[in-house]
C-alpha cells in the first residue's frame, strides 16, 4: 500500500516535472504597468512580457507567463512553482542571498517621490508624513530604514493600491520606481508631481531565478546579451516607456 | 527547543494586534447586536425590514469581501468627507477600520443569536411581568434581558471565538502600517524568509488556540455567575460550538 | 445615450471582464468539491468519534477540536504548503539518487527531480481539500450529534429484524441521520461558501483578485480604459453575489429538508 502511494506520488510529480522541462514558466505580478499588467483581454502584457517572449524565442525555449502575488513571488519561485520571475524586481544583495538574478534587463533607474501637485511635500525634510510603498520592494526597505522614525510608512499589496490611496488623499507621498511613476505622472495632466531628489537604490531590474538553475540562467543571459547587442531591448524600452529610457546603448 | 522559544517571542508583539482587534470590536458589536436583535423583533415595519436586511447581508457575505469593500468605499469618501473633517488619518487607519468592519460583521452574527434567544424567552414570565404592571422598559430590563443573556451566552461565547479567529484576515485586506503586524502577517513574513511552514504556522496556530481556550474559560466563568441562582446549574463545557 | 450603453456593454464584455466572469468557476468548484469533501471527512470523523476503539475516538476528537481552535485562513494557507512539501519529500525518497542530492544547492526540494509544480488546477484541488478538512471538522460534530439523535428504538428494531451491525449502520442509522444533520450541514455549507473568498491567497486568479485588478485605478491609456479607483463597485458585485448564493442555498436546503423530513416525526425539525 505504502509502495503504491509512493509510486502514485512519484508519477504525479514526475508528470509535472517532465512537463516543466518543456515550458519555462515565468511569474509576473500583473499589476505594475507598464512593466507588467493584465490587458483588456485579461492576459499578461507589458514590457517584461514582450521582452520575456523575445528572450525565450532567441533561446529556443517555450515560455508561459503565470500571475503570482508580489509578496509571495520569491517563496513560490523557491518552491518550484515557476522557473523565473520577471516582475520589475530590482537586483539587490539581500535578494541575492536567496535567489540568483540574470543580468539586468532594465538599467539602474532612480526611485522617485510623487505627491499631489501643490501639496508642498519636501522629501528632504519629511516629517509626520504618510509615505506609501508596495510591501516587500526595495523602496519599502529604504523607507523603513531611512524614513520610519519621523513618518508613517504604509505598505500596500500592489503599487496600484498605493496609487489609489494617494489619489484619494490618504497618503502624502509615494516612493516607487521612476519608470513606474513617470507615465502615471505624465498622464495625470498636472494632478501629480515629482518632489525632491531621486533615490538611487538597486542594481537595475533582472529576472529572478533559483540558484540551482545554472543551465537556464546561462541560456537566458546569452539570449539577453544578444538582444541587448542588436538593440531589441532598447527598442522595447522605448516602446513601453514612451521614449523615456534609460537605455543600455550609450 | 531554543528556536521554538525565540519563535514564541517573535510572535508575542503580533498577538497584541489580534487581541486589540477583538477587544475593540466585542463591546461595540455587542451593542450593535442588541439594537439589531430588538430591531428584528420590532413591530415597526421599516425598522424590522432594515434590521433583517442588514443581518442577512452581513451574515450572507464573506468578511474578506466586506473588508475590501468598506475600505475602498471609505477611501472614496476621503477627499469629500474625512479630509475636511480632519479625521482622515484615523478613519482609514487599519486600527480603526479593522475593528469597524469586525464590529459590523460580528454585530450581525450576534444579533441573530440574540434574536433567537429573545424568541426563546418564556412567554409566561413576560405575561407575569405584565400582570405585575411593569412598564415595557421595566419588562425588558428585569425579565427579558436577564433571560436573553443567559440563553444566548454559550452561543455568544462561540461567536467571540469566531471573531477572534476572524482577526486573522484583517491585514490580508488592509495596508500594513510600519511594524504593526498581526500573527498571520508575521507568520507569512517569517515563512517567506526561510520557507519553514511547519514551524511558523504552528506557532501562530498555538497562539490562536491558546487565546481561544482563554476565551472559553473566561466566558465560562461569567456563565457560571449568570447561572448561580440555578440549583446545580448546567455547567458550560469548554467544548466549542459549531454554529455560526 | 445609446452610445453610452454601447460603450459600457463593450467595456463590461472585454476580455478582462470575461476572464473575471469565467473565474467564478473556481469559486463554485471550490465550494462544491470542498463541500463534498467536508461531508466525507465529517462521516469519517464521526465514525472515528463513535468508534469503540479508544485511539480512533481520540483521533476523531483531536481532529475536530484542533481545527476548530485555529482560524480557517491559517489552515487554508498552511495545508497546501505542508502537503506540497510532504509529497516532495515522499517523491524524493523514491527518485533522488545520491548524485542528484549532491547536485542540489537550494534548500528545498531534496533534489530537483522531486519538485512538484503547482499550477492553478493543483492549487484549486488543494484549496478544496483544505476547505474540506477544516469544515469536515465542523461536519464531524454535526454528524456525530445527528447519529446520536436517531431514536434508539429504530436501531433496536433493525437489529431485531436480524440485520448485521453494518447493515444497521448503513441502512438505518446513517439514512435516518441525515434528517437530523441537515440543519447543521446547511450551516457548514454557508461557512464554506464564504470561505471560498480566500482562494486568491493561494495564487488562484479568482473573483476577488480580478475585482481588485479591474477596479484598481488606471492612469495609462496603453493599459486600457483610464479610470479612478472603482474597486468598491466591483466588491459590491461580489458582496451581492455571495448574498444571492446564500439565499439560493437556503432555499435549496429548505426544499431538501422538507423532502427528507417526510415520514419523520416533526420533533426532528
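Residue numbering begins at 1 within each chain, and the chains themselves are lettered A, B and C in the order written.
In this section, a contact is a pair of C-beta atoms (placed from the backbone, for glycine too) under 8 Å apart; a residue touches a chain by one contact, two chains touch by 3 or more.
These numbers were taken from a predicted model, which means no experiment stands behind them.
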item	value
Identifier of the chain whose CA centre is least distant from the whole-structure CA centre	C
Most distant chain from subunit A by Cα centroid	B
Comparison of A-B and A-C (more C-beta pairs in contact)	A-C
Rounded Å distance, subunit B centre to subunit C centre (Cα mean)	23
Chain centre separation in whole Å, for subunit C relative to subunit A (CA means)	33
Inter-chain centre distance, subunit A versus subunit B - centres from mean C-alpha coordinates, in Å	39
Multi-chain contact residues (two or more partners), subunit B	72, 75-76, 188, 191, 195
Junction residues of subunit C, two or more chains touched	81, 107-108, 212, 229, 231
Residue list for subunit A, restricted to those that touch at least two other chains	72, 78-79, 161, 164, 168
Subunit A-touching residues of subunit C, taken from the complex the two chains share	14-20, 81, 84, 87-88, 90-91, 93-95, 103-109, 112-119, 122, 200, 203, 205, 209, 212-213, 216-226, 228-229, 231
Contact footprint of subunit C on subunit A as seen in their complex	5-7, 9-10, 12-14, 16-17, 19-20, 25, 30-31, 33-34, 37-43, 66-69, 72, 76, 78-81, 158, 160-161, 163-164, 167-168, 183-184, 187-188, 210-212, 240
Interfacial residue positions of subunit C with respect to subunit B in the complex	65-66, 68-75, 77-78, 81-82, 85, 107-108, 138, 141-142, 184, 187-188, 190-191, 194-198, 201, 208, 211-212, 215, 229, 231-232, 235-236, 238-239, 242-243, 246-247
Residue numbers on subunit B that touch subunit A, as the complex places them	72, 75-76, 78-79, 83, 88-89, 92, 175-178, 188, 191-192, 195
Of all residues in subunit B, those that touch subunit C in their complex	56-57, 59-66, 68-69, 72-73, 75-76, 165-166, 168-169, 172, 184, 187-188, 191, 194-195, 197-198, 201, 204-205, 208-209, 212-213, 239-240, 242-244
